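Alright, structures below, take your time with them.
Next, two complexes with chain A in common: one pairs it with chain B, the other with chain C.
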Partner chain A sequence: MTGTAPSGAAASGIRLPRALMLALPLVLIAVVGALAPWLAPASPSATDLSASLEGPSTSHWLGTDQLGRDQLSRIVFAARTSLSVAAVVMTLAFVVGVTIGAVGAFAGGIVDRLVTWAVEAALSVPSLLLALAIIGIRGNSVPNLILALTIVAWAPYARIARGAVLGYRRSAASEALVGLGAHPLRVLFGHVIPTASRPALVFASTDVGAVVLATAGLSFLGLGITPPTPEWGQMLVESRPYLATAWWLWLPPGVAITVVALSGNLLSEHLGVAPELRRLRIRRPRPTPSTSPKRGRAQTAAKTGRPVPLWEMRDLRVDFDTPDGPVAAVRGLDYTLDRGEVLAIVGESGSGKTVSCLAPLGLAGDRAAVRGSARLAGTELVGAGEDTLRAVRGAEIAVVFQNPYAALNPLRRVGALVADGLRPPAKGHQARERVVELLRAAGLPHPEDVADRYPHELSGGMRQRVLVAAALAGDPDIVVADEPTTALDATTQAEVIELLRRLQRERGLALVLVSHDLGVVAHLADRVLVMHDGVAVEEIAADQLPNATHPRTRDLLDAVPRLPETRAGTRATTRSTEARC
Partner chain B sequence: MLRIQDVTLRYRRRSGGPLTAVDGVSLTVAAGEIVGLVGESGCGKSSLARAVVGLHRHDEGTIGLDDVDLSALGASERRRHRRRAQMVFQDPFGSLDPHRSVGSAIGEALAIARSVPRTQRAERVTELLELVHLDPSVRGRRPRELSGGQCQRVAIARALAVEPRLLVCDEPVTALDLSVQAKVLDLLVELRDRLGTGCLFITHDLAVLARIADRIAVMHEGRLVESGPAQQILTAPSHPQTVRLLEAATRFPSTAQNPPIGVPA
Partner chain C sequence: MTRADTAGQTARTERARGVGLVGRALIRHLGSAVVVLLVVTFAAFALVRATPGNSATSIAVRQAGAGATQEQIDRIRDELHLDDSLVVQYGAWLSRAVTGDLGRSERTGRPVAEEIADRLPRTLFLAGGSAVLAILLGLGAGIVSAVVRRGPLPGLLRLGALLGASVPPFWLAFVLIAFLSERLHLLPTSGQSGPASWVMPWLVLAVPAGAIISRVVAVALADALAQPYVGAARARGRSTWSVVWRDALPNAVGSTLHVTALQVGMILTGTVIVETVFAWPGLGAWFVDAVKFRDNWSILAAVLVFAIGFVLITRLADLLQVAGDPRLRREETP
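Coming up: the complex of A and B.
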């Protein structure tokens, strides 16, 4: 418990004041409305024809209307009316909508289809028109206004709840619960309804503004709240003859409606943003190009004996800005990479291996502050402008990302995705030919056919090959492969590794292979850089790995699952038996 | 304890005939035994696992856990009996409710099982967390505040809360880092030794099974193509598919003929 307190407090410490600030106008107006009988200086319906249409004064702060009623009192009482109507409508819409949506998704089958149909029907009808029709048929009264607004407002809640519940039902969490033997009612009330309510509540905060606006609109049209009950829309109607002469009649109710609607929208926008994004405050880092010679430089230069390596990192540091202060992800990394070389960067998750590759290319996000030096053929990338980096990415350094399921746009054909990266750019036949050639190079069978498919029609291994083809499209000198096989099953992993090795040799690429699995990289890399906690703890030739001494390297070696030793001999026999058949 | 007999499982497809995912598979798991079920993605191993814990109906054959077939029971009986076989899922984060604390997730499992009185639940949660080598102070955290390995431990603790006879682990370490994988695997072996729980362990990676399995069954295209003691399958495979999987699981081909790295010669 104690361990979580700081992080929990930090997270809400960022969030709460902001949300409260945005909600403040709404809350204030609600409080004023609730306390109207005590706050208002006069009765909202007390007429005084002798004092009609008076401007603001000390006795009437916001002046009087044509019947001599105190405008301030009317505004305050109108807040009570508007927000009461909104509260009732939203409670009804929320309960009805969430229940219908959750039950539909939970029940499935014909019930769900009926719910979907009803929601779509309700959403496709223009809402104000529907409300007008209902009030027109049933007559002008507050219950009818609430009924009309509820019928207009429930559908989005149902749709949101249905989506949340469908997502939940497909999750392993819900299956685990079923597997534990939980009663359906426990599942429904303990998990399904809360799951459905959370996003619906967020939506409700936008809806406040919309409902208040709709109430005012209907009242303005004479179909909502009827005089003499004060209501903002109603007040606007009454002010119409005096638009030019008495600003105090129309301005205050207009401002009140705007404030409520705006406050609701801003609040929902704030609440709707992913919590992860909100927790990490975004701040542009100030790049500080390093000029002073860094430790280890002279030594490495002397060792390699080459004046300008293809890719050179010197004292690279990456800090992430978080609410709890900066977090150092990479803390002084040095390495060089030459043409045709394969470097493996290995380490546990969180050791900074991926970030160290992506940050110099400007791919680690806005909250990453990069310092030190990363030179591509002598050109400094740390602190370089976005234009420079864009020219480098793809054409000089290409990245194969970890998750082949997420890294491809599901709405575009494979051919178009690969063609995007072609450097120099090409169109039509020429592009097509080069794309097919790249797909063939990536070992995809029937490349012409694959080019016309969508990513979801391909297996994980094929998608990873498409990503490799896309990385090669810019004819880069360096390919960074970030955990290229982690998402794949064992047989496919072996094939993708074979592919990377072949392409690297054929094209003389420099390859940076990022992985947590020493087993995967050991026979592909020339050198292995072992990272731990943001620093390189050991740099070692791959064939020297068995003699590695650093404890972190030993840990990684020991973690590689291994088959029994006797296997090799037996397997050779089996294979030769097969060959003979 | 677990007896799978001639089980066939089909999926209906929108077009074409039904797809046979599992085709006449028979398999047993004894108490205190870890049986590995291995195969490529799409070979039917996960479908079979889900049928064992009652998340899928099978079309033919019987799945008996202590001679009770879940699919033959009524709803409330089934709820009571399905506790005996618990599933540990591949995605440690996805199998826990992100809005609930660790303590509340395990506490809920205890409430469902009614195995301990309400007043002793907190105490039992502490015991379970200690059993999976987690500091009891994590009970107040949400899944997102834990690492993948810690989350998987929580999922295992929750499964153990209902005192199952059998753990069905569906690729439980695939989503984890190698160094974390090893620790979770060691935990499963330790729990088997301490509690005598049987374990059906599903994976695509034979190398993982080499670390923990007593017996191994190999599936290919819905059928069981080979099964036997782990040592035998790993050292003297007889089916070509097993050989393929073994080759894929070999991580140090260059040193395969030599003593493996990390093991003193």
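Coming up: the complex of A and C.
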């Protein structure tokens, strides 16, 4: 949430040159193919039986085949064949596909339904099968090869074009044109077709490899390009008898096809996959050696002789590793929390309040580097191993997450989700009874029924109660509630706050309430910690808030409607909510 | 009756209806699958009729040589309804195809259905083994590259997957033959003489499919691992691998089912090439021979059989996705 740099903008900046670099092998092969008559050392069909099956030498860089033809020249001319076929097929597929897709989206209604259906049908039939059938029925020739490959290739272009035109039709620019009385044909050719072409062109750049591969595959089967025209797939067939003896016959054509296909695949991965799905280079800095995990709390307490606070942060620092370098999210935070105490951490978004709570538990992601000290009853968590942290999570410190819609696995029943956190772990009937009890404690009506439900069958308020129940399952000492009410409507907010207050009192929990809204948390908290830009700017007893002097605190106070003059009133409102529950 | 009872009952009836909804989705998917098959076979059929060289005379000449008699020509014309409209001809072919009569091969003179029955099991064995291998490879590599985030492993797996997806299967077969058979003499180059002869054909089909599956799994799993419910599960003290297995993977698999099914379908049609390379006497190699000979009834039948396989696999994946996701089960409600 915090500290993740806007990598999207940076990525789009370097997008084009990177794409060009990935396309370089394709471009090179295309240039070589185009210049084949000038580049090739010999004619691809000049046979010399006296020099057959010769290995690579200075006169024949890639050796000769069984007929004594120069292998390098054959490879170079084959590039010309493959890429001419690909160029014709893709031009046809592009024109046909974009036209069909654009017309469908432009016409709408039954035409569009027909187009959509045809595209889906074409995409649901395996392409190799279709191409083979077409060539088989119509006979083996280059025009039939091109026909077959085009019929196989048009559908994605139509789908992309249709999507682009539909997007354009919903845009303001299109409405304005129609409003100005532009002729539909002018709109079609002046605006719709260009709109549809752009994304289709991007796809085309990634499609070259597939077409070259298909041509090679068909030629390999003896269909498509036939001798004496050199083609990579067909050269491979001819090399079959020499697999054991003449590597120069079968290795180079295969490498050539692979390079073209790889170039296309790299391009498509680069252009097609959404930037947020592409994985960044992530490394977790090594834990600082000075802070080693210490076990045995009593021992620590005995050494210092002072009472050990339940939860103590000293100079906590959290940095996020981003493509643009480390970003500091928390920059030296100190606070303590005792049993049964309620601490509110407030601050605007990005102030580091959530990260400061999650990072010491190892829950802020792989990119977070934690330094300083965070001690749970004397046990140091910063630098502790995953096993130590896992034992703490849920059992000692539980977290109620921000968004109840996203924080519950949609595929598991509520009962199973809550049972996960039970400490000590339980199964079967016993687990079920404890889960129902927890759901009841979280104020859910008909807990037996709710336990059998999936999260999507519950309202936001109910889901938040489920999250609270799940947090209590481990019988923790500390509960961190991370903006527990942000995603909820006002009435539900009050109910959830009330629930937290009741549970905190009943169970003697230490509660850390993270929020950007002073109004929500002020009356619940004993103390308020105001954070700004990764540091605590003010720590103040909750009842002293009206006297706060720090400008950041004043900002947050001013953001609460009517808080200054009606503090008593706020409390009264909450009481009435309490009465209702 | 208390409120809790009614609520419990609603939950039960809804669950019962959930099963019914999967059934309804099944019927709808099967219906549209049949329509796709009809369209594909009709298109192939129309292509046969629209292509010169498929008149009764030329078929008779292909079957009986230059000495074909007028009687033979007339019989062929009658059998194929060549004087009727295209739709009637297609209807005649279809009604015979439904009863298992796919015509006689122009090449061998044997009933096409018999030829297919001979070869289909061998092709299913080849494709099935490859599919299992591809899914295992893809899941394994995908999970590792999404979960293991440090070290060179994820990068290597990603590069390997891109290479695997780019290598043409027929060339991969050559490379394997050249090294494993010709140089090291480990595996036979053809035949079906036992596990050793299955390794290369399975591998050649499984590598490209597995490579693509692994990329999709890696992306979907990385996406699922970034979801708040994964963080929430970890906050409950669950171990990384338990969260991957029980929370992230089930959510990721749903979105990868479609691509996985497409790849399995590609394996099925890829048998065309692999059977040719390894002299595997299955349906794929037979299809290629039929294409070379322009044996129309065999081509039509092969199109039908492969398309049925392909469509069944992809529809099955869509159904599994609906069955595995309680939210989709609900959205199926009309």
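The criterion applied here is as follows: the second predicted complex is superposed on the first by the 362 of 581 C-alpha atoms of A that agree within 3 Å, B and C clash if a C-alpha of one lies under 4 Å from a C-alpha of the other, contacts with A are read in each partner's own complex, and residues count from 1 in each chain.
Note that a contact is a pair of C-beta atoms (placed from the backbone, for glycine too) under 8 Å apart; a residue touches a chain by one contact, two chains touch by 3 or more.
Given the structure is predicted, the values throughout are model-derived calculations rather than measurements.
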First, second, both or neither for A:Pro156, with chain B first and chain C second: neither
Partner with the higher number of touched chain A residues, chain C or chain B: C
Partner chain in contact with A:Gly443 - chain B first, chain C second, else both or neither: neither
Which of chain B and chain C A:Arg390 touches, first, second, both or neither: second
First, second, both or neither for A:Gly190, with chain B first and chain C second: first
First (chain B), second (chain C), both or neither touched by A:Arg198: first
Touch list for chain B against partner chain A, complex: 40-41, 53-55, 78-83, 85-87, 89-91, 94-97, 99, 108-109, 112-113, 137-141, 145, 147-148, 155, 158-159, 162, 177-182, 204-208, 210-211, 231, 234-238, 240, 243-257, 259-263
Chain A residues touching chain C - in the complex, by the definition given at the top: 121, 124-126, 128-129, 132-140, 209, 213, 216-217, 220-223, 233, 236, 239-240, 243-244, 247, 250, 253-254, 257-258, 261-262, 264-266, 269, 273, 277, 279, 282-284, 358, 361, 363, 366, 386, 390-395, 398-399, 401-403, 406-412, 420-421, 423, 445-446, 448-449, 452-454, 456-457, 467, 470-471, 473-474
Touch list for chain C against partner chain A, complex: 3-4, 7-8, 11, 36, 39-40, 44, 47-48, 51, 53, 149-150, 154, 162-163, 165-171, 174-175, 177-178, 182-183, 215, 219, 222-223, 227-229, 231-240, 246-247, 250-251, 265-266, 268-270, 272-273, 276, 287-288, 290-292, 294-296, 299, 302-303, 306-307, 310-311, 314, 324-327, 330
Of all residues in chain A, those that touch chain B in their complex: 1-4, 7, 171-173, 175-176, 178-183, 186, 190-191, 194, 198, 348-349, 460, 489-491, 493-494, 516-520, 522-523, 543, 545-546, 554-568, 570-571, 574-575, 578
